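Presented sequentially are two complexes of subunit A, the first with subunit B as partner and the second with subunit C.
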Partner chain A sequence: MAKNSSPARRALGQNALVLAVSIVAAFLVSMIFILALGVSPVDAFVSMFRGALTRKYGLAEVLAKATPLIIIGVGVALATRGGMSNLGGDGQFYIGAICSICVGLFLPPSTPALVVWVLALIVGILSGGFWGGLSGWLKAKFNTSEVIITIMLNYVALYLMGWLVHGPLQAPGGIPQTQALEKSFQLPKIISGTRAHAGIFIALASALLVWWIFKKTTLGYRIQTVGESPDAAVYAGIKTNRYMSLIMALSGAFAGMAGMVEVYGVHYRVLEGISSSFGFTAMLIALLAKLNPLAVVIGSLFISALTVGANSMQIDMSVPTSIVNVVQSLIIFFMLITPAIKSDLLSSISKKRHKKEVA
Partner chain B sequence: MSKHILRMDQITKVFGKMTANDHVDLTVRKGEILALLGENGAGKSTLMNILYGLYKPTSGQIYFNGEPVSINSPLKAIELGIGMVHQHFMLIPAFKVWENVVLGLGGRVILDEAAAKEKIRALASEYQLEVDPDARISNLPVGLQQQVEILKVLYRGSRLLILDEPTGVLTPSEKVKLFQTLRELTKDGFSVIFISHKLDEVMEISDRVTVLCRGKKIGTVDTKDMTKEKLARLMVGRDVVFTVEKTASKGSQDKVLEIQDLSVKGRRLASTIKHLNLTIHAGEILGVSGVDGNGQSELVEAITGLRPVESGKVLIDGKDMTNRSPAEIIKAKTALVPEDRKKVGSVKSYNIEKNLILRDLTNPAYCKHGILNYKALEKTADEIIQEYDIRLSERQSPVGALSGGNLQKVILAREIKSQPRLLVAMHPTRGLDVGAIEFIHKKLIEARDAGAAVLLVSAELEEILSLSDRVVVMSGGRISGELGEKDITMEKIGLLMGGEKLGGSANG
Partner chain C sequence: MSAVLTPVFFVTLLAAGVRMSMPILLAATGEIFAERAGVLNINLEGQMLMGAMVSFLVGYFTHNMFLSLMAGMISGVLMALLMAVACITWHAQQVVVGITLNMFALGFTSFWYRVAFGVTTSPPKADLPGSGEQAIPLLSKIPFLGEILFNQNFLFYISVVLVIVANFVIFRTQFGLKLRASGEYPKAAETMGVNVQRMRYVSMIICGALAGLGGTFLSLISLNRFVDNITASRGFIALAIVIFGKWNPLLVLAASLLFGTTDALQLRLQAVGVELPSQFLLMLPYVLTILMMIITAKRSESPAALAQDYQRESI
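Let's turn to the complex of A and B:
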């Protein structure tokens, strides 16, 4: 028996190694693109690093950007573990944002902030959960693909929001946005003068909650069983149809919650373009994190740092921020091919060794 | 010229710390059927994968037709004239027979369809294979699919055929047909390696037997000098009891399962259940025999809530459980050892603990208020591993890494630990080795003696004969006959399987 190396721990170590190799490789390859722009890659990366991690403003920005990604990301991880694909993070986010801002807009300004936040959070969770659960219910009832339904519902939510901010909820002044929240209703900043707000704690709590659900609870066990083996789940007496709706509703609830947090923490109003495709970025992060909720936190911080760093790189070195997309895509690319390369490499090494032995 | 077509000399294969083959010798004569016998995990598959070029031996030498050869890929094996019929067929269901046969042969850009079909027809008629080159694989029954696999091997000009557990999926008549084909082939000088752990078959078909045990060769013997018991002893390394020790059922009048006039729509017409009646008492084993696909699966699914009942009633312990959910039926103390232990009976990525609570999530010993108590589970798992002698390389390994016998023990342990009133076991020993079968039989009888009513569905007549207190035979979705303990014989069951009535009209 190897000492204290359970299969799970070994897998974790391997995943971490693959990820590290992928990130390094991605940066190396993206150097070519930066070189092609006539900029020294070293200078570019130094600027990136400085921008994201050495200044107060940069760090705060990383936290602010990571907040919605973490919340949506753990929801995506939950759905995927349950065998469902939630590509509707954006739509659920919009719905959560719209519904939760109404709480702040329509309650009298004298309402205690805590009451507003709790109510808004609940509304965000319920509305996002409804939007997500819809696709799960349709799948259970009519065997429709949740992939397609969630993507289509993104558009429904997007245009619903567009109509609201151009119409019924539009603030005076002609700009397509809602009125701003009362100052007292805004989530407190954790670093003054920046955009980093208390929502990060909600994000961390979400990640811990999902981690705990899968680690300790029968709910997590059931969700995972439905995802791993639907036949075994039926045999186990789990009502898999009901779980499809539940899983998607829970996943949507997190995205809806992210909508609330983003509105109350950053924008204080709903406006078009409030989500810069958080849903898809969160999906990518959940996959990078191998569906581990705690790793989603790290992944979100990392991707946010890349984005923030890229902004400073653009300002300092005039390297376009889209280089970040290149890096992100390359990481995924290398993550997918590394295991294949590794096993190939191993077998060729063992072949060589074998030949030596024979000779 | 050598009389041996194949000689494997001192083959050793080491995987990490495990030695799968330890200096194994094996020879195959021209025109003989050599059975390769051994329990699961004895190293049969490893040895054959080496022969077929899938694994490289750590040491040892292979001679084919007297020449030393190095087989480093299946392509090379095929080139030499070694063909393999895998346990799980390697056919593309959407393709036609002839397309499957020529698949992978390579060479030309344009296929000569007519020539290929001609050659297939010639081969088929020569060996009485009922294969139509234009039939689509997905439309063929399993027996014919296997014939296609054999044809594929012959088409490639193989002289040595390796058949890996070829009878596992066949009906009795398909098996007879396969054995005919094999005898036909050996008459024409083909050689066959027949991998199996079924002693009856080995006794019936082989000329010689090579026995492997834990990676080592125990010996090679002429089949005609052997008996089943002797072979079993060689294979397991100890005496094996074939007739399970079992006292007579206590004959309780306590009806645990009562099925009244049950009709269930089946996957096929033959398996649709029509007006079926059945009763099992506490402390007895009712064997349900019959050719697969005559409604046994549907019956089990209807009882356990996995398939809707069209009409009639299912009573468990006197309570009407017709069309209740699987969860409710589990609560009514019904345990199920399902047909498919990998996909249904267990979750392969979970370790033993997590598999133990698969159907026991409401048990307060392991979970309170929706929170799982892994400590308590771990203790139970340790006990079960002890009691059931479950062998695993690592305690926390996912059960996907377990052998079939060990996995089935985990499932059986879980179901028996729930102290069921009704225990439904479907093909509980299919594909398992002698040691595991013996153990599982013992546990089933223990469950019966503890007062459970046991419904045993099996296609293995021997299993039915040795375990059942009563037997019903299913044919075409109906019960074609029932036999009390004193009437249970192989012949009677065989007749009923074909749907005949016993003691019928005198004019026959």
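Let's turn to the complex of A and C:
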């Protein structure tokens, strides 16, 4: 390493190295899975790469899949920086989706689309924020673990949504789903004939917003202080209890917004199974990105590419798509342990040297 | 509604409740060991899931109950060891590793189940010998109580014994004292000659075995099949029950029974056809968990060094 490199640059280099090692290790382990199926890993990875990155459809699909992950992911990163683990992304997403679709369903079809979108976005943000804020408030008030509460609230939201699409909001025809949005209320496509939609710009704006909050505002500074040293935060006059609710509400607001974007951009209605554990995936992406909102964008694109690629791998080679969960969790697992292993190795080497010198 | 308020309804309800509470009880008992030693094992869910899937596969292909139980426990232990190595030896953050490994377990189990059975609309059943009820002679003839407590699966009897043994081990043995010391004040424990890291490893192994057994109970005995994410966050409910039960196996037993009965109640009510949307009944166990947490969390005193990494000071 060059002698004049700054510590920050060196840290970045080290992070990149750890990430690269972790990705390689995770792929090596998943190769064993694929080999055990009697499939050539090379063929499998080629099919994966082709499916995700060489066709217009694949690329568009990557963008579409990354959109909700980015939005939920930056929210999760914000909460984690504030010392709160938001595992309730799915629940907040459902609530945001179901509340925001009501805007489009109940406004007259002649309403300008922009009005509908802005209103729906606000409703998604408020409802998701309420659902997330609930677990922060409960923690501040009753000292409940936000990990457990957010997960429990996921199920409450899931069944609430289930009841609405089976009952009061069900469209005629017997299928458990709401009515579809007016065509004019749907978010425009950015690549025609695919599912890639304008929501990706909302996602990018969200990432920039969170980046800006932490870079430039006192709010971001305070959230960070509450997360890193709650005692110092109290000393500095920050009302940590109030911040717990606020942090979770902000985090939930992003997930609720993702619900709106997914409904208006992809499905045009609410139906069961609208989220495939986005919340947990977003948590892993936030960790992968080391809680950096801009890196969340890259992480989401990467994980979405894996998902889209895995779909084509399943079609071509019948390798189950759940391999994606294995790969992404292993990458993070290796990321978490690599620094420790490295320092262990280094210290054992220096000990040996030390012994030699003594001898 | 008259079908609801009969003695038969209550007996079958409580018997089912006892049955439903077992997977959570086993996992929660394991978690007491881990947390008493200072490890916040959020990976409990993953350990249950692993146990549920591996024991189901072994049971389906060998038709041997003993082998399946062993497989379930061992897979739970392996999962727990992965967490232990990362958190105890390599000092990674416990909560983060737990979350990550839960996702790993979800992917792993879904992957291999699909490899074994393909995509099915009707999941195959294991139908293991011994997965039904085994009535205890005489005791099972006691009115009401006999049907509820002594006409259950053999694993239920074993589980209850395990909980009593766990209570004894934690509060009445030298090992239990060392375990609690490792979770309360590891530095002091170390100066008294306790190997804190080893205690934490041992507690994680016990926890993995019990969680794996809980998963096995779920897939082979309660439901007789495996489906993706079969545990449906029961591992997290078990975490809540540990807090509710104040890290005490006997209190946790009581809390699990309360919980299992609620779960059974919502199933019964659905079967009877109560005029309430089924979704609100399905919500019940999760709402109950939230209420439980609200009631107890403020007064609960967790082990002082819970979720804190312990590093031996180098000499």
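Just so we're on the same page, the second predicted complex is superposed on the first by the 338 of 359 C-alpha atoms of A that agree within 3 Å, B and C clash if a C-alpha of one lies under 4 Å from a C-alpha of the other, contacts with A are read in each partner's own complex, and residues count from 1 in each chain.
Here is the rule we go by: a contact is a pair of C-beta atoms (placed from the backbone, for glycine too) under 8 Å apart; a residue touches a chain by one contact, two chains touch by 3 or more.
Since the model is a prediction, treat every value here as computed from it, not as a measurement.
**Q** Could you tell me if A:Lys216 is touching subunit B, subunit C, both of them or neither one (first, second, both, neither)?
**A** first
**Q** Who does A:Ile190 touch here: subunit B (first), subunit C (second), both, or neither?
**A** neither
**Q** Based on the superposed arrangement, let me know which partner A:Pro7 touches: subunit B (first), subunit C (second), both, or neither?
**A** Only subunit B; A:Pro7 stays clear of subunit C.
**Q** Under the stated touch criterion, which partner chain does A:Leu204 make contact with: subunit B (first), subunit C (second), both, or neither?
**A** Neither: A:Leu204 stays clear of subunit B and subunit C.
**Q** Which partner does A:Phe142 contact after superposing on A: first (subunit B), second (subunit C), both, neither?
**A** The second partner, subunit C, only.
**Q** When the two structures are laid over each other on chain A, which of subunit B and subunit C touches more residues of subunit A?
**A** Between subunit B and subunit C, the winner on subunit A residue contacts is C.
**Q** Kindly classify A:Thr225 by the partners it touches after superposition: subunit B alone (first), subunit C alone (second), both, or neither?
**A** The first partner, subunit B, only.
**Q** Considering only touches as defined above, state whether A:Val234 meets subunit B (first), subunit C (second), both or neither.
**A** First partner only, subunit B.
**Q** Quick check on the output: what are the common subunit A residues between the subunit B footprint and the subunit C footprint?
**A** none
**Q** Write out the stretch or stretches of subunit C touching subunit A in their complex.
**A** 42, 82, 85-86, 89-93, 95-97, 99-104, 106-108, 110-111, 114-115, 232-233, 236-237, 239-240, 243, 277, 279-280, 282-283, 286-287, 289-290, 293-294, 297-298, 300
**Q** Tell me, which parts of subunit A touch subunit C in their complex?
**A** 33, 36-37, 85, 87, 138, 142-145, 147-149, 151-156, 159-160, 162-163, 166-167, 277, 280-281, 283-284, 287, 320, 322-330, 332-333, 336-337, 340-341, 344
**Q** Report the residues of subunit B in contact with subunit A in the complex, numbered from low to high.
**A** 56, 306, 325-330, 336, 338, 340, 343-350, 354, 357-359, 361, 367, 370-372, 394, 396-398
**Q** Residue numbers of subunit A touching subunit B in their complex, please.
**A** Subunit A residues touching subunit B: 1, 6-8, 216-219, 221-222, 225, 228-229, 231-232, 234-239, 354.
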